[in-house]
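Consider the two complexes below, in which chain A is the common component and chain B and chain C are the respective partners.
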Partner chain A sequence: MSEGNGSAPGGRATIRISGLTKSFGDQTVVDIDELVLGAKPVEGLIGPNGAGKTTLMRLIMRSTRADTGTVVLDDGSSEVALSKLAPHRIASLGVVKTNQVTQDFAGLTIWDSLLLAVAQRHDERPHRIYRERHVVEAYGEEIQGYLDTFEFSEPGGFAHSAGEKKLLDLIRCLLLEPKILLLDEPTAGLSEEVTTQVIEMLRTKVAEGMSVIIVEHDLDVIWGFSDVVHFMAEGDVILEGDPDYIRAHSTVVEKYLGSGHV
Partner chain B sequence: MSAVWDYLFGSPAFLIFGTYTLMMIVGLGILLHLQLGVTGIGNFGVAGFWGAGLYTFGILQVHYDVGFWLALLAATAAGGVLGAIAGWVIADLDDDGVLAATLAVATIVFLAIESEKDFTGGRVGLGTIDFPFDIGERTDLAWLAILFGVTGLLLWYARRVHRSPYGRLLIATGTNEPLARSLRKPVKRTKVGIMALTSAGMGALGGLYGPIVHFLFPTQLTVAITVSVITALVLGGQQRPWGAFIGAVLTVGLFDIAIKLYVPLPREVLEHAFPVTKQIIFGALLIFVLLFRPLGILGRMRRERHVKGLSRV
Partner chain C sequence: MFEASGVWTGYDDIDVIKGLDFTVGEEVFAILGANGAGKTTLLSAIAGLLPLTSGHIRFNGETISGIPPWRIAALGIGFVPQERGVFPDLTVLDNLRVGGLVAKQARGERIDEIMELFPALAGLRNQRAGTLSGGETKMVAAGRALMQDARLLLMDEPTAGLSPLYVENFFDRIRQIHETKQVAIIITEQNATKALEVADRAMVLSLGEAMTIVDAHDLTTDQLRKGYKI
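Up next is the complex of A and B:
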């Protein structure tokens, strides 16, 4: 593809969406003409249930296939059509997503799970059966840092609660050092204290250059964390603006927040 | 003392052949462990991959007078190529589809060998295949030692895989493919790769089996060998490297060595009723274990032990 010209100022990668549609049966879930995500460091994506937020994220990651349209990653120096790549290639390009529904690897411990995330392809060859030492030496300290920050009931064993699995999912994604991190309800099931820790951790990563696109039902997180908020309804982004503008907009109040919220 | 020795080793040929079979099941079981127990690929066509190696080895030795090492290499390659093709086919199938497709591979191999006449000899058979060396009466024993060595090597590799990033990739692929993909892991390539690698091993074991039987028949490639391998692995513990060994000792060791050699059954029973009864018991055992102890005698993987030992890896 051609040299990119749509990346955000400051070298942040952006995701450009054109003509993206997805229907399940006769119900259109996503129908977006044009949308750029990632121009600002943190962008919130809100809307009522069924607005298409999670499906949009899944379409970007190609864990769900779109009916039509393109999704292009522009990192400032080149453009790549994500909509033509396999999911693992998209993650390799630095576009990574946490899961709304708790996901884990049965049988893998917390350490296993995190070492899996950091291991490179050349570490995972069938003949490299003595490679574990290298991976632990290269990434052990970074992993230990996360485990010191976030408390797990059994750090040497398995993640037990839904909250622990949610945290593990987030740490796995952060270890991939994404350019753009898509967060799908990252604080669901977490205590207020851990939620604060998570947001602080994300702020640090954003300051280091990572962009965040976040779907979150805890609107205090959205208002306090986002630079820009996209409001979705019926499969399309119908409003964009800074948190204060979106929060006060009559359409948002009417369709989503309710009159008592502002 | 002499009487005990005679009782235990009075029929060395039977004992050695029984141990050959045991080692073959253990070897195939370890490879199936990497497919099924680690990567979650339910291969119901073990006999096909093994048979592809066995007949490739036999055809090259009998018809083309190819040397042992080259024939063994070709047998390994035959298993590997068949495994890669099967892996590519099954990569996107669900568990039921994988079972059906791998069983189909074994059926195709069996029917091709049985119906072809010029190279495989069809039902008449193919032979003879000799050991690559001759040291007199001890040749059998030397070959058994080699089989022990090969099986030991497979066990060592499987244990190392568990402690390697590659093993972790296989486990992740087997337990949650979408999540593995989201972490940059090429799931399809991983499945094709492990199928090619382990099926190559099955092909090599097939090649090593050729000199033991000297004469090859399609009846050696029936589903019975697959059932024996699966029963041994599931009984011993499909998720553990030693599972195949424990299970094989308790099934093949008991039936093909202990009972055959040391229980005075009439010859007619041994030749006719015994093999059928053995398969029925294996099938019942498989169902029993799957119902009441699905992870077998050794149980689940103990990854937390590996984590404790990470500082020592």
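Up next is the complex of A and C:
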């Protein structure tokens, strides 16, 4: 669907997808000929239920294996086939994803959980992070910055609520300093106030060079935050454009509401 | 017949349904909304699979919020979930028999009625449900719920993932179930057009709140677009 060679202006890394397919049983859930993600700072990925949005993100991260096709990370100077790498290697290359259903390290405190993310970023062995005080001090300020921004009920203890776990997941991802952050419904279940804080935090990171690809069921977030929107239906991206163009397009209305309401 | 008052529910501390008030009579009632609106969560709460945070749900004069799902089923509320609505290792016939365990009417008689409603199942009665196509599976799930002598059927996006041919056929069956068996139906759908063709009234749900509740033929495109935020 997208045109171009995948190298983003201004040095942004892009994800180039070719011939990507995935079926579950007799149902094809993703079938994309050509698609480039990440050329713009914030890209929304929307579509009706079952369009294949979450599966596409999982295929990029290789937490789900594709049937066919390639996914290439292009940072302007080199190309790496993500479709041949393990998920943790993809993360270490700067492509990181939050989870729709939060992955919880229930036995770790907020600090330990965040230190683990820092260890991943610096290729530190986790035991070194936990045992050596100076290592904790080196990264502590960065972690504390996030904890000061978002109010946890017990910042020195555990994340208690689903909302806090969701924030923790997001902060863990940001601590990895991603080039491209894939967000799968990041504001689901967060209050309006915290949603605003999250979007502001993401805007800051985007201004610093991070790219965002976001799936979000609250379309007001998509319209207000995205530079470009990719519209998916039946496994493929069938429209791309700025938020106003997509929002007004008759195909979008038809796919969401049915043909009688265009 | 059915009444939801001040219903709040969700998962952990996340509020998904935020203070819903609505009633359903002897009718087909469509709940429309984009993904994430709370449609599945609401049906799960009505079926007793999810506790309410506050509010109450009454069915035929009896409060059903807070009682176990099997008792709600026995009172006549059948739930057809979007997925996993059948026992895959049981045959079609045994799936229907399981549904009939809580019914008063003779099971044989009721199975004949289901086969009449879904003729495609007749030739598949001894086939394992796990080997059926998506459309056939939805028929078995609906049939299983009808076997329990349901007076109110909760159908969660029954046509999701089905081919267009099945979708048309299934919506015809929904109206037929309502009219021939006098079963009230609450159906959730993302495809508003198809649902409004068979519904008497509709509620547009947006992020857990009711944007509007109106007669199906009075629902405007603007109201829908506002609810779906498009």
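What we mean here is this: the second predicted complex is superposed on the first by the 237 of 262 C-alpha atoms of A that agree within 3 Å, B and C clash if a C-alpha of one lies under 4 Å from a C-alpha of the other, contacts with A are read in each partner's own complex, and residues count from 1 in each chain.
Just so it is clear, a contact is a pair of C-beta atoms (placed from the backbone, for glycine too) under 8 Å apart; a residue touches a chain by one contact, two chains touch by 3 or more.
Since the model is a prediction, treat every value here as computed from it, not as a measurement.
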Practice problem: Go through the superposed model and pick first if A:Arg247 touches only chain B, second if only chain C, both, or neither. | Solution: second
Quiz item: Taking the contacts chain A makes with chain B in one complex and with chain C in the other, which residues are shared?
Solution: none
Quiz item: What does chain A use to touch chain B in their complex?
Solution: 61, 63, 86-88, 91-92, 96-97, 99, 103-112, 115-117, 119, 121, 123-126, 128-133, 135-136, 140, 156-158, 172, 176
Quiz item: Which residues of chain A touch chain C in their complex?
Solution: 26-27, 48-50, 161-163, 185, 188-189, 217-220, 223, 247, 252-253, 256-262
Quiz item: In their complex, what parts of chain B are in touch with chain A?
Solution: 157, 160-161, 163-166, 168-169, 171-172, 175-176, 178-187, 193-194, 197, 239, 300-301, 303-304, 306-308, 310-311, 313
Quiz item: Tell me, which parts of chain C touch chain A in their complex?
Solution: 10-16, 34-37, 133-134, 157, 160-161, 190-194, 196, 207, 221, 224-225, 228-230
